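Presented sequentially are two complexes of subunit A, the first with subunit B as partner and the second with subunit C.
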Partner chain A sequence: MEFVEKFKRMFSNVPMLGWLLGALTAVLIEYFFGYDYISYILQLPKIPVLFGTLIMLKEPMMIPSALAYDLIVYVLPILLVAKATAFATNPVAMLLEKIPLILSVILHLALFYLVLHVWAEINDYRELIVRLTMICIILTISINVINGYQGEFSCSHPGFMALGAYTCSILTLVLFVNDRMFGEALLPAWLGPWIFPFTLIAGGIVAALGSLLVAIPSFRTRGDYLAIISLAFLFIVKSAVENLQIIGGSRGMGGQPEYATLPVIFIWTILCIWIIHNFVTSIMGKALNAVRDDEAAAESMTVATRKTKMTAFMFGAFWAGIAGGLFAHVLSYINPGTFSINRLAEILAMVYFGGLNSIIGSIVGAVTINVLGEALRPLELFKWIIIPLILIFVMIFRPYGLISFKEINAKKLLRAKYKREQGA
Partner chain B sequence: MSALLNVKDMTHYFGGLRAVNNYNLNIEPKQITGLIGPNGAGKTTIFNLITGVYTPTKGNIHLQGENIKGLDTNKIAAKGLGRTFQNLALWRHMNVLDHIKMAHYSQLTYGLFGSFFNTPACRRQESEIRENAYRLLELFGVDQFADQLVGNLPYGAQRRVEMARAMATNPKILFLDEPTAGMTPDELVQMIKIIRQVHETFGVAIFLIEHRMKFVMELCEFIQTLVFGEIIAEGPPEEIQNNPEVIEAYLGKEDVT
Partner chain C sequence: MDLLELFQYILQNLINALQRGSFYAVISIGYSMVYGVLMLFNFAHGDIFMVGTYIGFAIATLFLALFSSFLPGWIIFIGTVVITMFLASWIGVFVEVAGYRPLRAAPRASAAITGLMIGIIFETGILIMLGAKRLSFPPLMESVAYKVGGIYFTNVKVMIIIISLLLMLVLHTFIQKTKWGMAMRAMSYDFLAVPLMGVSINIIAPLTFAVGAGLASVAGILYGQAYPILDPYMGVLIGWKAFVAAILGGRGSIKGAAMAGYLLGFIEIFVAIIFPSTLRDLIAYSIVLLILTYRPRGFFGMEHSTKLRL
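Up next is the complex of A and B:
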């Protein structure tokens, strides 16, 4: 513990900019030397995909090499660069404090994207994980709006996702792809990526409309009954799709162009975080909390509780629809099974693990469960023992999840840090 | 029809139970009215009927000449009926400042779009509301708790937060359901002071339910006594105090301080 404290104090003067710079150095080292030199010397067969967890679990003999790789490529460069550049990054961070916050955020995000891009570029599998993880972030934050901020127990999220995925896929297939299901493309293919945002939004809107089927019962009931209704909704969507042969039935629907590239998904994820953050920190959005904590009091304080509930469901479902559309255009294939109860379990695990009523909690939850899920893949069946166990532990010690009831404060996050002078 | 609030022949049944029978009420602007009566007499039910939590089986309710019977509670509240609850009804995961801000809900004009994109209009209004909320917190002497969760506050302070919240809805009539329940004598004196102050500062009419005679007699200009859902006596405090029926039905049984 003392060591941790010491460590924290040592790096307390590093601003966010410094950490990003460190991370950039690390991914550049990996990009240029990872395979030819570092992996080779450590006798690793290739660059470890997810910090070497896969190889560690498959071949325990390789554990020292994999750990050494992590140390050389990630830990040391990040710490050293972050610390060593503090003298320069702090003044820059100070300067950035003077420009509008939004610009500063965009600059930091651009740098972060660069890091992510270089890291993901190393191999296709890594890139796929990054893309799917970001989609999970959208899903988790959006279900948090309903299950966390609004406090319902909704199980329909994969259903909303399916509505978005199918709507968006149908539109892009009809418009831009020559395929057997829908015939000739109506528009030239080069327009596709530009129209894609609109087809995504259309998917989101359909999902939002679909969510009314759950939102309206929620006026009169909540808790277990609503959970059952929302679960029924999920099954209705799934079996409806299974029986609609025109969109592939249970065989599914494939051939979606790969519009959901890394930058596209990144932008949508950031948009989602930004918009939902704005919403839940405004009075309009905090009405969700008021309705959750005491509906009668909310009504008496002029809060339109029905409108608020409807907004929560439709807004959450809209983003689930967007996530669904992105998902379909990552894998270029969807079928009803994609949106099953398994997916629900995964989404619920992410949101309850990460923390209710918190965007940052949802991001942490989505990333942890996703990366853990991938990293533990070699354990096969045991993965499904370990992840639930972790979940149970979190629930015991933190009933509302890892980071709950906490919002992002961008200003505080990005500001310069000068604690060193005080410490010395 | 000049009365601010007019309730006429209001009757309400819960299943077979007649909770309120032929109830009439007139509240003039700035008037402080008291409603007393033994436990289970139907006082809270009358509050709930007027504020729209239940719709009366029979009767009419007019606010400034406009019929408000059957409207949604939030609409009625927005028209100018603010209230507190007998058993505190605060939002447990929300801090004190957010409570007061939330009660401005019906005054929001920026809309969903504004809140999604944090438009300048949204920011402007949010900061106006924030300032107003701080003013209210100061007035009720709870500004030092602004960023604390309500559960962490002493009981008396929670009651004051609830009143500040009701005032944030900008009411024409403030309904107080046993504002001194569970308070110490000191807190009681303080509460009388606060209610007076609110009455003067905002010029709001007040309708309150109370058990403690001292409190009612000191504050109210007009008092109704309710027993088994029926008014058995009404009038100015001196009259009520000496009415034998009231003494028998109410004062005789209750421990009054």
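Up next is the complex of A and C:
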């Protein structure tokens, strides 16, 4: 423990900018030297995709090489660059404190995106993981609005996702793609990526309207009965899609153009985080918490409980619809089976693992479960024993999830660490 | 189609619906009992049903191999049921002790997640142990088809319906007449006061899980007689449907759960007659949605609020 303390103290003067710079160096090193020199010297067959976890689990003999790779490519550059540039990054961070917070955040996010982009550039598998993980972040945050902030146990999220995915796919297929299902494209294909945000929003709106089917019964009941109503909703949506032959029925629907590229999903994810953060910290967000904690008391304190519930459901469903639309355009294929009970279990696992009532918790939950799921892939079936076990332990020791009822402050996160060192 | 034929047709499907409803009823009772005591749903129950079916499969195969030469079929059947119930009830106890006991003070949703995860572990465990090959449940009695008044039915179907009803009768007696049953009933009336009266929740809760799991395993054996293909994910869908039935009947109400189980069976079968069978889920759950919109507490829902646990 003493070592950890010492380590923390040593790096306490590194601002977020420094860490990002370090990460950028690391991914650049990997990008330029990863394959030709480092993997070659360490006798790795190729660049380890997920920090070497896959190869470590597949071939235990390669563990030292993979660890050495991680050390050389990630750990050392990040630590060294972060520490070495602290003298420069701190004044810059001080300067950035003077400009409006939003600009500073955008700057940091741009740098973060650069890191992510270079890292994902190495191969397609990485890029797919990053894209799907970000979609899961949107999903998890949006279900957190209903299950965390509003305190219902809603099981209908895959249903909302399906509504969004199908609406958005139908629109893009009708407008921009010549296919068997809907015939000739109505608009030129180059317009597609520009209209895509609007089709996504249309998907979100349809999902939000669909959520009224769950929201209106929620005026009269909550808890387990609402869970069943939402579950019934999920079954109904799935079954309805299966029976609509015009959109492919249970065979599914394919051929969506790949509009959901990495930058597009990144922007949507950031938008989602930002908007939902503003939503839950607004008066409406406080009303959600009030309704969760005591509905009768909230009502007597002039909170319009019905309006609040309806807004929460529609808002959560809207973002689930967006996530569904993005998902459809990542995989270019959806079928009703994609939005089944298994998906529900996955989403619930992510949100309850990460933590209720917390956006950062949702992000942590989504990223952890996703990356863990990919990293443990070589274990095949045993993956589905390890991940549930981890979740059970989290539930036993932290019943509200890892990081619940906590938010991070962007200002605090990005500020210079210079002053603190002087104080100490 | 004249009136008699229509009548026969309906009666024929009534038997099918009763059979299907029996499974839902027996399984959903397990959900309801646990709810009565712990005010939580045991989301691993569908998978307990699955594990129970596999245990039943193992016992049945073993007994048939050992005793079928000199013992009559009904003794083997009863032996299988009794041994399976006994073994499967330990699964229930295990789920309670490992998954639900550490979470007594935790929010309800956390316990739900734990239950779901235990379910996934069961599914994967079975898959790892037995592989992906599909096993088929050995028939414990010879299927004989009868025709009475233009209605076809097999002795298996009748047996399933009768045994399910019998089980419910036994359960009813257990809950109404014995000391243990009384403790369970008391627990569902007042979750907080009963432990003060010297009835330990740590005894009653595992017992409830055990009884639920035992019932589910018998349902599993019967299910194996009707649909002999076993697969590790068989518990998921039937479990969720039984859960729907348990809620529809009013949480915590055993009578309600049984009735709603039969109702769900009827809805599913009769919807499939009138409409194309692909629309079954759509219409069945729309009806459930409608019922819950107008009767939010289900048929026999208890009055207490969930606030007691939070």
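A few remarks follow.
Rule of thumb we're sticking to: the second predicted complex is superposed on the first by the 418 of 424 C-alpha atoms of A that agree within 3 Å, B and C clash if a C-alpha of one lies under 4 Å from a C-alpha of the other, contacts with A are read in each partner's own complex, and residues count from 1 in each chain.
By definition in this document, a residue touches a chain if its C-beta (ideal position, glycine included) is under 8 Å from a C-beta of that chain, and two chains touch if they have at least 3 such contacts.
Just so it is clear, the model here is predicted, and its values are computed rather than measured.
When both complexes are overlaid on subunit A, subunit B and subunit C end up sitting side by side without clashing. Residue by residue along subunit A, subunit B and subunit C are tallied for touches, and C comes out ahead.
In the superposition on chain A, A:223 contacts subunit C only, with no contact to subunit B.
Applying the stated contact rule after C-alpha superposition, one finds that A:297 touches subunit B and leaves subunit C untouched.
Of the two partner chains placed by superposition, only subunit C is touched by A:243; subunit B is not. In the overlay built on the shared chain, the residue A:384 is in contact with subunit C alone; subunit B does not reach it. By the document's definition of touching, neither partner reaches A:123: not subunit B, not subunit C.
After superposing both complexes on chain A, the closest C-alpha pair between subunit B and subunit C lies 11 Å apart.
Subunit A has no residue lying at the interface with subunit B in one structure and with subunit C in the other.
Touching subunit A in their complex are the following residues of subunit C: 35, 41, 99, 102-103, 105-114, 116-118, 120-121, 123-125, 127-128, 236-237, 240, 243-244, 247-248, 251, 276, 278-282, 285-286, 288-289, 292-293, 296-298, 306. Interface residues of subunit A facing subunit C in the complex, by the touch rule stated above, are 147, 153, 213, 216-217, 220-225, 227-229, 231-233, 235-236, 238-240, 242-243, 341, 345, 348-349, 352, 356, 381-382, 384-385, 388-389, 391-392, 395-396, 399-400.
Residue ranges of subunit B in contact with subunit A, taken from their complex: 51, 53, 72-74, 77-78, 82-83, 85, 89-94, 98, 101-106, 108, 110-112, 114-118, 122, 126, 129, 165-166, 168-169.
Only residues 275, 278-279, 282-287, 289-290, 292-294, 296-305, 311, 357, 405 of subunit A touch subunit B when the two sit together in their complex.
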